[in-house]
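Before anything else, here is the set of structures, which you'll find just below.
First chain A sits with chain B, and in the next complex the same chain sits with chain C.
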Partner chain A sequence: MQSKRLGWILLAPTLVILFFFGVLPFFYVVYVSFHSWNPFAVNPEMVFNGADNFRKIVFDTAFLKSIGVTVMFVVFAVLSELIIGYALAQAFMRDFPGKAIFRTIHTLPLIMAPIIVGSVWKLMTTPSIGIIPHYLEEWFGLTMNIGTSAPAAFATVVLMDIWHWTPLVTLTLIAALVSLPPDPFEQAQIDGAGKRQIFWHITLPMIAPAVVATVFIRLMDALRTVDEVWMLTGGGPGSATRFVGVHIFKEVFPKTNYGYGSTISVIVLYLTIVSCWLLYVTMLAPRSKRG
Partner chain B sequence: MRKQSPVIGIIFWILVSVLTLFPIYWLFVISVKPAVQLFSTPDLILSDPYWGNYAKVWGDRLLRSYMLNSVIISTGNAVICTVLGFFACYALSRFNMSGKESIFFWTITNRMAPPAVFLLPLFLLMTQVYTVGEWKLLDTRIGMILVYCTFNLPFAIWTLRPTVDGIPKELDEAAYVDGANSWQVITKIVFPLCRPGLAVTLILTWVFAWNEYLLAATLTNFNARTLTTGLSEYVTTTGTEWGVMATISVFTLIPALIVFGLVQKHIVAGLTFGAVKG
Partner chain C sequence: MSFILKLGASALALTLASAAYAEESADFWKKAAEPYQGVTIRGVTESSPPSLYIREVLAPEFEALTGIRVDVETTSWDQMFDKAIKDMEAGTGIYDMAYIEQDIIYSYLARGFLTDLTGFLAANPDLKAPTYDEANFTTFANYFKDADGNLYGVPMEAFLKVYLYRTDLFEDPKIQAAFKEKAGRDLVPAKTHAEYAEIAEFFTEYGKEYDLDLWGTTAQAHTGHVASWYEYYESIAPTFGVYNWGIDANNNYAASVANGGAMNSPEAVEAMTWWLSMRDIAPPESPASTWTEVGTTFGAGRAAQGLVYGENAGWIAADAEKSLVVGKVGVALPPLADGVLADAEAGEGYIGYYDGGAFGMPHSSKNKEATALFLQYIGQNEVQPDWAVAAPRVTNTATYEDPKVVAFNDELGGYYDLIKDKGYLFAGAPAYPFHAQVREATAPIFYQILLGELSPQEGLDKMAATAEATLSDLGYRK
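Showing the complex of A and B:
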């Protein structure tokens, strides 16, 4: 076998880039998180305040609420994306006329910039100019106002996320379904297994790694998402769509509370890493070890 | 499986496609409306398109230079991330380096960072530390290419790893027996075999870089501004020019559409983020 040195040489550029643009800024954020610092306040100096920020965060109801909202968002959005994505992936496994065209159409949302997606959804849903509230009112007599109704705003953000990211789930699941060997399915059908049994006992366990990988990447991105939600609702009304990413953004930009914003970021990053690590270690890593 | 009449299937797919396409269609509708019509009653059917916004955007030299920046930055970033990611995956897959699985997981943690707070340290580093004499990394294309690596390089590594792991080591060994050196094995044997995975990685990293907004808005001010940041320039204190914004969005969408269309057929074969085939 070759020397390990070659391995390190190949890895070196990656490590160097991530060190200078990922690790160093991270250390800076950790450093700032132990300070009280608002560069645009009357007193713009950075003052060391020990663990005060961390103590504050435990009792910060706005922050805790944003975690709750984020968890709700992730559950609703990712679960719907998995269900719809799986249904579409299964449907794409059959042959039908125009399949390639329909698949291309279905992947289009994926290539749109989050900030554009946010703008379009805002234009579609803003009361009085948006087409969705307009026709809901005209056809069904329903009023929908994402500026004042918390459930409407939350549902719109979830719908937007489903619209934007289901294609990614569909594609990953198609990739998983395509690579499944046919034998177990034939065997199960010979043994008289029903559709539901085949799904729970054969298909699901076999595509589990892909499902977990999808949850993993969606979870990771949902926790840091800002652009889309900021464009659509600005986190409102109230705190209905104030996800942690938006919460941090609000703390850092309009309020310029860098010290406390950094503390929240460190905590959020920690929580993200821990949840992803648990997901990775328990679900992904054991399966990827091969002989 | 139950046989279905193809008509129902087609109707189902047309319905799904309409739902998928509607926001994109609406973006286009907004882009061909003059500002005054925007606030009148919304109309589903497009009538009497107005091309003024397109003329305005096309005639804007600044936006054209943003477009060029976007092309250079996303292409440069996608190529660098794919190539370096491939090298990293090869190292992680073929060598018994201590702690390599931890390194593998650590790379993805760089993608998890909440961007809002990391803007400030990046800004400070790029104005005060990463400088050569008068030259600063801030507001340069190479600077943006490197900054985008923080989220794209980990993604590339995680997308490519299953592909590289899936190439049997026996192929490498056979090539070594035939007298090839390491460089030849990597570039002539393994690299071509990973083509589907590489294509997907290239395209997705390209799209992510092309669409990035927050970092570009903060870390550039003139020379390296990208097309997405051009959008926000039409959000002014006197009101947002939605029509122009929508037109820029359409312009942003078209190149992504072309690039994506080119590799459609590879997408499925190579998309196995972190997961290993059955």
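Showing the complex of A and C:
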């Protein structure tokens, strides 16, 4: 009884903070999403408008386009990070000269603030002065201009995200790989299993929880990407990199469209939860059932 | 008494009077600040040269003089608005001062975000500094006044977006001869759009021919940042006779030609087409350039001419640590279509953008008295000359006559003369309380025009329709 009470007492500060900084703002955003509210309108007050904002969102081509671009970004970036991160994790499981230095350098992007990453990539990709367009032109005769080419801008944003976040995936997968028991691998080898079979039937199922956790984290991060893209392209050219986070930012802050912006936020949160749930259902739930 | 003696006596008297006045002034600040010892006032502003001067020079000076601590937070343009608006909207009182860009003042006034400084000082005569007088400001201060003439912000920066050109190139005999041979006229700063385009094409070709990193014009044509929208509406469209974004405030805020506006008028289309043609022969970084990058491009010697914000013109012309074209820069009025100059002189139009801002006091400030003292401090004539040299901006009329400023004016190719003599031809943003809302609603379509996804006519038609729809949603258009 006493230990239960102590548990609640210890938990109380966290719950209070969570309530005021997580739960309360969330319900406030939901509340605002049912209102029309722009402080610079003739009527600056919040006016209840039922489900109008939710109806409007279905026909909002700018929002739908931003969702499409975001999904593409998430697929390309997270999948690439997972593959490269796994390859690097496997590499770091072996000994090679300079491994410690390489691992430190490889982890450095993680400690950089997204806004700095955006600035650095902007400097590297600005036409005329950036090293990337410079060498692309000098070595391959290719012209790269992220101000005019939507594919170039999108690819650059994906590359930037991969560069920034692959180390996180690597570190998580290293932790998972290190914790694997050697017995199943030895038995599989004795039974004559090949490397591919070992990967699909032993390694992957055993590290699946870590993979799913990593994908959850990266998925949620990628869906709310704003600062790096804001710095690099501002969402352009046109709307080529106007991810949903950037779209919400522009709707809520410069446009001060608080009501509609809240509606978009609620919908995006819903889509994020659904995506994570789908991921869980397809990757972990069957495994739990089998277990 | 000989003339020399008279002059000496006058100088002595003037020196003694000045010293006495300075002492009296210092006494005022100390005495007026006594009740506010230990108070900290906080401000938020854009990280620009004039604001940095406040943070690095004026705030410490004021602090030493009065004992009132001044924290000035300098941040990005977007963040500054975000922070200030949230604070004022919620009435939290985090900030005692906020930078008010000229184009946002009408939104702030409409929402009652700001403190009436004139009224506040009238109600608190003990706080009124003897060296502060609203009459000292240039006419730019009028943008920060309400209908009754009360001031809501102390002007702290004011620039023109000027036509900057490279004097070393324009005065090079070899280039002059080559241009004359090609164009059949002398190489002088353009007065019309056709002349400007001819010069731009000439220099871009010249750069290619001699394998130089040189182009004929700048273009603030970012495809994902509102800087491009601003270049068109503030600096290009007016020179074709399209004013106030093509929205007629006196005609139910009409934007489309069909309803009486001019956002998609033939002049607007001509302006857009001309600007895009200039963008196409500008340096390759132009589609990723905001006002900052345009300054950098010009300072790196990559453009022969261009429209450049005055805040950048200063360092481009005079800061050898940052600019490769120091002493090689001239200023002129932008190229104009027929009738635009006459419109501007008659007060019925304008030829370009008069940019700037002021420091205002949010209604929610918790330290209004101490803040009022600081705002007066930065508005005095005495602090202006060094500020004008450090960050080229003029807000007080007396600043023009100061010897330091007169000397600096020569370095800037006559920039201050241009502000003083021709500033009245330029204008700030229109008095719209919906500035950011209409800008953001139309900007995505604007970017489509830049990318060639929409023709200028299609795009401007769509922008006019969107502007009207947004204004209806906001309740301005009935």
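Heads up, the rule we're going with is that the second predicted complex is superposed on the first by the 270 of 291 C-alpha atoms of A that agree within 3 Å, B and C clash if a C-alpha of one lies under 4 Å from a C-alpha of the other, contacts with A are read in each partner's own complex, and residues count from 1 in each chain.
Definition applied: a residue touches a chain if its C-beta (ideal position, glycine included) is under 8 Å from a C-beta of that chain, and two chains touch if they have at least 3 such contacts.
Note that this is a predicted model, so its numbers are computed, not measured.
Once the two complexes are overlaid on the shared chain, A:42 sits against chain C while remaining clear of chain B. In the superposed model, A:117 lies in contact with chain B only, and not with chain C. Of the two partner chains, chain B and chain C are each touched by A:253. With both structures placed on the common chain, the touch criterion links A:234 to chain C but leaves chain B unconnected.
Within the superposed three-chain model, A:79 lies out of touch with both chain B and chain C [touch as defined at top]. Set against each other, chain B and chain C differ in how many residues of chain A they touch, and the higher count belongs to B. Touch criterion met: A:181 reaches chain B, while chain C stays clear of it.
Of the two partner chains, chain C is the only one that A:127 touches; chain B does not reach it. Residue overlap on chain A between its contacts with chain B in one complex and with chain C in the other: 128-129, 253.
Interface residues of chain B facing chain A in the complex, by the touch rule stated above, are 6, 9-10, 12-13, 16-17, 19-21, 23-24, 26-27, 30, 38-39, 41-42, 44, 84-85, 87-88, 90-92, 94-97, 100-101, 103, 105, 107-122, 124-125, 130, 146-147, 149-150, 153-154, 157, 161-162, 165, 182, 186, 207, 210-214, 228, 231-232, 242, 245-246, 249, 252-253, 256-257, 260-261, 264, 267-278. Contacts from chain A toward chain B in the complex involve residues 1-2, 4, 6-8, 10-11, 13-15, 17-18, 20-22, 24-26, 28-29, 32, 88, 91, 94, 96-98, 100, 102-117, 119-121, 123-124, 128-131, 134-135, 163, 171-172, 174-176, 178-181, 206-207, 209-210, 212-214, 216-217, 220, 223-224, 226-227, 244-245, 248-249, 252-253, 258, 261-262, 264-265, 268-269, 272-273, 276-277, 280, 284-285, 287-288, 290. By the touch rule above, chain A contacts chain C in their complex via residues 38-44, 62, 126-129, 145-148, 150, 233-239, 241-242, 250, 253-257. If you check the complex, the residues on chain C that touch chain A are 78, 81-82, 85, 89, 107, 110-111, 213, 221-226, 283-289, 293, 302, 433-434, 436-437, 439-441, 444, 447-448, 450-451, 453, 473-476.
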